[in-house]
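Order of writing sets the chain letters: A, B and C. Residues in each chain are counted from 1.
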Amino acid sequence: MKNLRFLAPVALAATLVLATTACGSPEAAAPSSPTQTFPADSTMSKIQQRGKIIVGVKFDQPMFGVKNPVTGQMEGLDIELAKLLAKDLTGSEDNIQYIEAITANREAFIQQNKVDAVVASYAVTDERKKAVAFEGPYLESGVSTMVRKDDTSITKADDLNGKPVCTATGARAAQLLPTIAPKATLTLFGTYSECAQALKQKRVDAVVTNESLLFGLMDQNKDEFKIVGDYLASEEYAIGSAKDDTAWHDYLDTFLKKIEDNGDWKKAYDKTIGAVRPGDVAAPKITL
Amino acid sequence: MTTVTLFDKPGPRARKRHAVMEVLSLAVLGAAGFGVYRVLDSHGEFGAAAWQPFTQWGLWKLLAEGLGNNLRAAGVGMVLSLAFGALLAVGLLARRKAIRVPCRIIADVFASVPLLLLLYFTSLVLPSYGLKLSDFWFLVIALTLYSSAVIGDLLRSGILAIPNGQTEAAQALGFSGLRTMQLVLLPQALRSMSPALISQMVILFKGTALAYVLGGYLELLRSATVIGTYYSRSLLQAQIVAAVVFMIINIALGAVAVAIERRERRRQGTLPSPDQVPEVMAEVPAG
Amino acid sequence: MPILSGYAADFSQGVLVTLELSVLGWVGALLLGTILTALRVSPIRTLRAVSAAYVTVFRNIPIPVQMILFVFGLPVLGIQYSLFASAAIVLVLYTAPFVSETLRAGLNTVASGELEALRALGFAPGPSMVHIILPQAFGTVVKPLGNVLITMIKNTSVAALVGVADLTFTSNKASVDQAQPFIIFGGAAVAYLVIGLVVSRLVASLDRKAAFSR
């Protein structure tokens, strides 16, 4: 290692150059004009000082958080909420750094303070409540049934009996179905895009899984599918944050209440999930 | 690759008959081609709508990223399986039964189990033992398990084909058994087996497409599927582009294998007469 | 092992599907492979080109790609079969080039003197092909063809990619559902091993017979 020591100044210089260019990039240049003030050591004021909020989102969940692989744009309800959050704290919705959160690493990201908050179609469970704090819920959802738009033979779970039904290997739906519709024949693929293909091609008559995933499939296959019947099992999505940071938790809850009251939530919803989910949906009550 | 047609120069009558058949089969081929074209065209597969997404730079970047992941996994898998394969070859040639028999079992088991089963195995079993690896490593480990077994056996037979006198000479020079293996036998086996090793590389590269089942691993076939989910009009096009890219790379690798084999035979003064078929590809059916 | 009791039925069903795919795939691949070889050595240039093109294309596109393309791509054109049938067809399409290349290598081993002798005896090309050349060619290629078969049996697992419940698919599903992956995958590995051993034994005895008749 000794003979590498001369590299230290070089590395330092490189870091400086990188840091200055990073500061000069348009992403961080958006003006930070906080509209509210918070106690000096709170997470809120830390974010204001930093000038941007770090949010864990999904990169691969259409309608919630998805990075369009072709254009590189971030889209979805979670993204819209994160933007509103950034605007509320820093004055501009552009002051966000997105970090990809996958299902398995969301708790770890929060616990290690890698992110200020997780907005990643994060379903509230008792198990997760032990590890992180939840704010919301901001959306109610569940395991649902999707059929072809012109198919009227399936309107409730019972109708799935005797029909070929698709879901992914290991999905909760694969375990639910045998109890709910024991005579349905299961076709299992690795991912849901194959299920959507199979539904389109009439290899199967229904796709059963989390509604959030079905929304994505409906968005990608415009006017081909519809969601029918009640939830086979329900769940709620909420923002996740550090467990012991009560001030931050209270702020996030207040923020959610505010956007639900002033219509911003509705706008974000209509722009994303509202486009594929039938009916008029009211914002859920903030209970967490 | 020239082909023997088995029968010698046709006479005038046969030539005429062949000419007629040539024309007939050309006509049938043309009709078939036109039929395929009509089917594709009637579904608008040549239309601007289907190909328009391909004018975006991001789409090609996505495909390139996928291909990069295939190549990376195959490359790392190949390096690892050469290393483990060499170890296995030494074990397979060990004089002690306690080493040889377990190595034989390992080689036989992993060579006769489908790669996909190994991939499911690594991606399900390793995490349940606390090994939190990325999909890339699940794929590479599966490839290595399978390919080490095959390469181990290849190198073993490569070493066995080296005349015994060389080992004796090395030992007379005072080389230990391991040094002999390392400096004399393995390099020669690697060299003489290089065409087969490249065929194995083709198999590995083809195998990387199986990572499609992992869903979250962006390899070329998955890239094509992702494009299909965003531009459902272009699914078939994206898949065909992916297939063609796979094909071109494999053809290139195959050509390298044949060229190396030619060179190898020339070096050993056993260049086949041009009408003899290079047997590398025929001997090792790709998986 | 009470957890696994429910799996036994799935497992044997999976083995059965794998065997069915193997048999269908092999019969088809032998047929198509023989046709390809016949085209490849025919005096008609177009037919030779067709055969060569087919072999190049279908051998070099990985079988997972062909499987996905066939099952999820072609229905766009209205070409759609059941998942099982699709898997069997793709298996045939992919394996036939390897069969053909192996047969062609075998044909090349038939001594050219023999061909001259046949001609001198007045055999027409067609009958001499069917009665004399091909049987000999098959004889010399029993072993390499056996290797192609064994590889193909492993390739039947790719059917799992499109949801066909073969041995690989059922093992994966059971492991996901029941969290006993070591036993389940171990069982599947043993099953593949046994199938492979039985086939290579059969091939070896067939090869001995062929060698005897040579």
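The definition used in the following text is that contacts are C-beta pairs under 8 Å (C-beta built on N, C-alpha and C of every residue); 3 or more make two chains touch, one makes a residue touch a chain.
No experiment lies behind these values; they were computed from the predicted model shown.
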Output the touching-based chain groups remaining when chain A is disregarded and all other chains stay put.
-> one piece
Taking each chain's centre as the average of its Cα atoms, which chain lies closest to the overall Cα centroid?
-> B
Could you tell me the distance, in whole angstrom, between the mean C-alpha positions of chain A and chain B?
-> 40
Report, in whole Å, the distance between the mean C-alpha point of chain A and the mean C-alpha point of chain C.
-> 45
Per the C-alpha means, the centres of chain B and chain C lie apart by a whole-Å value of 17
Two or more other chains in contact with one residue: find those residues in chain B.
-> 212-213, 225, 228, 235
Identify all positions of chain C at which a residue touches two or more other chains, and write them in rising order.
-> 72, 161, 172, 176
What are the residues of chain A that contact at least two other chains?
-> 190, 197
Taking the complex as given, what residues does chain B use to touch chain C?
-> 3-8, 10, 14, 18, 21-22, 25-26, 29, 39-40, 43, 45, 108-109, 112-117, 120-121, 124-125, 128, 205-207, 209-210, 212-213, 221, 225, 228, 235-236, 239-240, 242-243, 246-247, 250-251, 254, 276-277, 279, 281-283, 285-287
How about chain C: which of its residues touch chain B in the complex?
-> 40-48, 50, 56-57, 59-66, 68-69, 72-74, 76-78, 98, 101-102, 104-105, 107-108, 112, 115-116, 119, 125, 129, 133, 144, 147-148, 150-152, 154-158, 160-161, 167-168, 171-172, 175-176, 179, 181-182, 185, 188-189, 192-193, 196-197
Please give the residue numbers of chain B that touch chain A in the complex, ascending.
-> 53, 56, 58-59, 62, 212-216, 225-230, 232, 235
What does chain A use to touch chain B in their complex?
-> 60, 68-72, 102, 190-191, 193, 196-197, 220-221
Taking the complex as given, what residues does chain A use to touch chain C?
-> 169-170, 174-175, 187-190, 194, 197-198, 201, 203
